[in-house]
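There are two complexes below, and they share subunit A, which is joined by subunit B in the first and by subunit C in the second.
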Partner chain A sequence: MTNEPGRGVHDMGGLPAGPVKPNEHDYAMWERQVDALMVLLINKSRRVITVDELRRGIEGLGAGAYDRLSYYERWIASITQILIEKGVITNDELGRRMEAVKARFEGTT
Partner chain B sequence: MTAARFTPGMTVRVRRAFQPGHVRTPYYARGKRGVVERLCGIFANPEELAYGRSGEPKLPLYRVRFAQQELWPDYRGTAHDTVDIELYEHWLEPI
Partner chain C sequence: MAEPPDHNHDHHHPEGAVRLDYYEAMQLAVAELLIEKGIFSADDMRREVEAMQARTPAKGAAVVARAWTDPAFKAALLKNGTAACESLGIEMGPTHLVVVENTPGVHNAVVCTLCSCYPRMLLGPPPDWYKSRPYRSRMVREPRAVLAEFGLRLPDSTVLRVHDSTADMRYLVLPERPAGTTSLSEGALAALVTRDCMIGVAVPKAP
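Showing the complex of A and B:
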């Protein structure tokens, strides 16, 4: 962590860091879904969002969330924020859908 | 279409600017001197696209070559070691 004004939390080139661990790993189903969702959203026929917006959203997560979240968690956090900003979904709609999915997942419906 | 201001071989300096928000110039390169290696093309400005705007006018994007010794004060390798960074024209100043 640095506290240099103008250096984004993601802009870590040249900062001290541990070794890179180049281990392969499989992706969870939800990670594949996030990737597929992004592909559909940036598709030229729709162009709902741009990769530049995705990046801006990820960079704007703040140091705490940026460091805590995994790669695709950052993606979906950014995608969610951008879709709300653009009015594609509303916060209320998202909240209700999350409740419904959670209930279904827990087998209470 | 924006005409490219720099040509390969020209020495340029990256602007020392530290604004918040989405920028495409790494922190470590700001204020550093490099040589234009090539013009990569003319592209919509990603620093504008990032906020849902058009990205117009399009900007020239250059590949700029920096000596590692220029970028890192404590670099221990040779003077021939370089890093190429792709930078949009509005981040570059002539020297």
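Showing the complex of A and C:
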């Protein structure tokens, strides 16, 4: 779907599109955990990130990633990007921890 | 941020092998780092996942049934949805809730064209179709056609109001109480109120 100039990929109100397919799925545990993560980070007592920042991060993913990623993939990509921007975590420690997590789960240590 | 590998939902794993998806690994890594930094605890995380599982459309249905049976509550709900729901002990989070009432000749429906904003504190996470391109694109241009795809055919004389949500403003439709339900208890009334009735793509039916 090509948007007109100046219109972001997320800004789809009023554009032509096909029929609504009444799809639903039960969320996987990791998706629930992404949701929980966000609720904890926007909690009034913490305010580490805001809902608007989450949205700005999702809208900034670019057209390719926006359409390719699933809903909670977009969320965790945006949350992580914002946490790095704010210096809450570093790119480096994220990369190392992701490797460690993968190794642990896939038993390749 | 590290670049994701080629993304493909059509995974082919060797028999019995455990593979962790890229974004799943990211979620685990970020959660671990935040817990280690003391931003929140592992217990906070567990409690929040449980709370999410407890957030289902039954919460919204209870709010609607109360509004149908308690005029003072209904007035408060239409005046300030967030405060009225909090008065029932529902944790509402940082977003504002606006409740829009269906009346004879006026039907309301909710969309979020820009993303997927949804009254999740009352309905749980949104269904996939609510987040889909067709619903988000067409609901503001040809809502009657979209509603017909859900099996809801509104008479031409009915005014249709479509509400486009924002990150800070969520909408809940207060459906019309079906005729012939005067003898029903609040609990029995709540059972008539489906999620789709509160999004506005359906209307409740008398039992």
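Simple rule for what comes next: the second predicted complex is superposed on the first by the 107 of 109 C-alpha atoms of A that agree within 3 Å, B and C clash if a C-alpha of one lies under 4 Å from a C-alpha of the other, contacts with A are read in each partner's own complex, and residues count from 1 in each chain.
As a convention for this text, contacts are C-beta pairs under 8 Å (C-beta built on N, C-alpha and C of every residue); 3 or more make two chains touch, one makes a residue touch a chain.
What you see is a predicted model, and the numbers here were worked out from it, not measured in a lab.
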{"item": "Simultaneous placement of subunit C and subunit B on subunit A, clash or fit", "value": "fit"}
{"item": "Partner chain in contact with A:5 - subunit B first, subunit C second, else both or neither", "value": "first"}
{"item": "Chain touching more of subunit A, residue-wise (subunit B, subunit C)", "value": "C"}
{"item": "Touched partner set for A:86, first subunit B, second subunit C, both or neither", "value": "first"}
{"item": "Vertex subunit A; arms to subunit B and subunit C (CA centroids, nearest 10 degrees)", "value": "60"}
{"item": "Subunit B versus subunit C as contact partner of A:55, first or second or both or neither", "value": "both"}
{"item": "Gap in Å between nearest CA atoms once subunit C and subunit B share a frame through chain A", "value": "5"}
{"item": "Subunit A positions touched by subunit B in one structure and by subunit C in the second", "value": "11, 13-14, 50, 52, 55, 59"}
{"item": "Contacting residues of subunit A [partner subunit C, same complex]", "value": "1, 10-25, 27, 29-30, 32-37, 39-42, 44, 46, 48, 50-52, 54-55, 58-59, 68-73, 76-77, 79-81, 83-84, 88-89, 91, 93-95, 97-98, 100-102, 105-107"}
{"item": "Subunit C residues within the subunit A interface of the complex", "value": "1-2, 4, 7, 9, 17-21, 23-34, 37, 39-40, 44-45, 48-49, 51-53, 93-95, 111, 113-116, 125, 127-129, 131-138, 140-141, 146, 149-150, 164, 167-168"}
{"item": "In the complex with subunit B, residue positions of subunit A that touch it", "value": "4-8, 11, 13-14, 50, 52-53, 55-56, 59, 85-86"}
{"item": "Residue ranges of subunit B in contact with subunit A within the complex", "value": "17-23, 26-28, 46-47, 49-52, 55, 71-72"}
